[in-house]
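Letters are used for the chains, namely A, B, C, D and E, taken in the order the chains are written, and counting of residues starts over at 1 for each.
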C-alpha cells in the first residue's frame, strides 16, 4: 500500500495537515505518516526523514510563511531545501505554502489554507495513481486555492 | 534510439509540451517520455525521475511562472533545482520558461509559449545530434521566442 | 542517552547557548555538546561536526544576525547551509536566530534572545521525546520569543 | 598534455570562446575541448561534462547575461551552478561573464568581451602552469576587461 | 603539525593573505599552504583543493568584494560555495571578506583589511588549539576589524 507523508508545522494558523489527510482518505486507500515540526525551515529534513526513515512514497509539506520580509526569506530557504530533498530522494514533495498575507483576515486565511491543502492532496493522489490525468491537464492553467485561470489561446 | 523527456505543468496556460514534442518529431527520430506535474517547483524532481527512472538522454522542462513576486521566487527556486539536477546526472535539461508577464494578453502569451518551446526543441535536437551546429552559432546572439539579436562587432 | 549539540557564536550579544542548555537540562536528561564559533556563517559546519564527529542526535544553532543588509545576506547563507546540513545528515537542526534589529535596545534584545532560545529548547525536547505533543499543536499559530498568534478559524 | 575546456553560448553576442582559445594557444601548449550550448543556464552541466566526460583539467565558462532583471537572476543561477560544479569535481572553472549592460553600445561590448576573455585565458594558463605568478599578484587589485585598480596602502 | 590553508585573490586591493600568515605564525606553530586565485568566485574550489589535495585542517578564504551590485551577488555566491564546501569536508573555512565600500578611502580600506585578516587569523588559531576560549566568549559581541560591540544585558 502506498504511503503518504504529511509534514506540517505548529507555526501555521490552520491545521492544513488534517485537511490534506481527510482529502487523501476520501479519494484513495493509502497509509499516512504525519510529522509535525515547529516551523517551515524544519520541513525539508522532516520530509527527508519521512522518505528515508518512514519509507513514504510521496510527501506533502504544508506551511504558512508569515508576512514580514524575513518570513519570505525563510519560505525561500525552505523551498530550496524541499527541492534539494526531492533531488536526493527521487520522490515528489508537494509544497503547500499559504502566505499569511494572501488573505485579508483570519477567516479567509483559514478557508484558503483548507482549500489549497485539499486541492494539492488531489494532486498527490493523481501523482500516485493517475499520472495520465495530470497530462490531460497540461497547460490548462490549473490553480490550487484560487479559481483556475484556464488556458490561453493563440 | 535517443530518448527525450518532456516535463511540463498543469499550471501553465499553454500546452508547451505538445508544441515541443511536435517540433522534436518533425526534426528527428527519438522516443518521447512525457511527465506532467502541477507546478514549476515540481519540475526538478520530475526531470530527475525522467533521467534516472525512464532513462532519458536529455530533458525539456517547460513552465510558465506567474507574474507576482512570489512567482518569480518560485521560478528562481525551480531553476536552481534544474541546474543542480543536471550536475547530479550529467544530462542537459533545457529550461523553457515563459513568464506570464512577458506578453500583454493571452493570445500573444500563447504564441510566445509555442514559439519558444519549438525553438528550444530544435536546440535539444542539436545537442543530441549536431553539436557542431551550435558551435557555429557561438556568440551570434541567438534568441528563443523573440527575434535573434545578432552579433556585436568590434 | 540522547545527545544535544549546541552551536553558538562569539558575535552574538547574549549567551543563548547557556539559556538553551539550562532549559534543556530542566526538562530532560540528555548529554550536551557545545561548540562555539566566531559567526553565524561558521554555524553550518559546526552543526555538521557536532552530528558527524560528536554524534549528536539533534542540534541547536543559535545566532544573532546584525542589522545591516550584509548581515541579512549572511543569515540567509547560514540558514541555507543549516538546511543542507540537515538533508545530508537526516538530523534536525533547530535554528534560533534573533536579528539585532528585532528589539529597540540591548535590554529587550537580551530578553528576546533568552526567551526564544528557551522556547526552542523545549521544541528540541519535544522532537526528541514527545513528537505527539507537536502534532497536537499543528496549525495552532505557535511562536517562539513572541506571544503565540493562535489559530485562524473558518 | 593539459586539456582546457571552453564552454560558451549561442546567446552571447560576441565569440568569446574563439578569443579565449586564441589567447590560450598563444601562451601555452594545451589541448582544447569546446562545447557550445544555448544559454548561460546550460553552462554548469556543459562544464561538468567537459570535466567528467572529456577529461578537462580546467574549464572556461563564457557567457553574456542580458540586461533585464530576469537575466541577472539567470546569471546568478548559472554562477551558483558553476561553483557547485567546481566543488563536485575539484577543478577550476573560470567564469567569464560580460553583462550586456556593461557597455553603452555593441562595439564597446564586443571589445570588452574580447578583452575579458583574453585576460581570463591568461589566468587559466597561470592556474595550470604558474600558480606562483598569481601568488605574486595577491592583493594587487587586478581586473579583467577593465584597467587594474591597483593596491590600496595603509 | 596542523596545516592552515590560505586562499586569497589577485582582485583584492590589499594582501590579506600575508597579514593572516604573519599573525598565524606569531601565535602558533603550523604549516601554511597558500593558494591565490583571480577572484572571490574562485575561492570555494581553491578551499576545497587546499583541504582535499593539500590536506589542510582549516582554511582562511580572504577576499574583497567590489562595491557594485554585481559584486554583492558574487560575494553571496562565493559565500554559499564556501559554506557548501565546509559541509562536504567537515573542515572550517573562515571567510574574511572586506567589502570595498566598507571604508571611505584606500588607506582605511587597507587598514581594515589588515585588521580583519589578523583578528580572524586568531580565530583560526583558537579553533585549532583552544576551542574553550571561544566558548568563554560566547554571546559577548565580538567583532573582527571593528571594535567589539560587547554583550547586551537583560
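In the analysis below, a residue touches a chain if its C-beta (ideal position, glycine included) is under 8 Å from a C-beta of that chain, and two chains touch if they have at least 3 such contacts.
A quick map from chain label to UniProt name: A, B, C, D, E = Riboflavin synthase.
Remember, it's a predicted structure, so these values are computed and weren't measured experimentally.
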Request  = Treat touching chains as neighbours and tell me the shortest step distance from subunit B to subunit C.
outcome  = 2
Inquiry  = According to the touch definition, list the chains common to the neighbour sets of subunit B and subunit E.
reply    = D
Task = Would you mind reporting the rotation angle for the C-alpha fit of subunit C onto subunit D, rounded to the nearest 5 degrees?
result = 145
Message = Taking the mean of the C-alpha atoms as each chain's centre, how many Å separate subunit D from subunit E?
response = 25
Set of subunit C residues in contact with two or more other chains = 80, 84
Remark   = Ring order from subunit D through subunit E is D, E, C, A, B
Task = Using the touch definition up top, name the residues of subunit B that touch subunit D in the complex.
result = 72, 75-76, 79-80, 82-84, 86-87, 90-95, 99, 120, 123, 127, 131, 134-135, 137-144, 149-154
Note = subunit D residues touching subunit B in their complex are 8-18, 34-38, 41-42, 44-46, 48-49, 52-53, 70, 73-74, 77-78, 80-81, 84-85, 88, 106-107, 109-111, 113-114
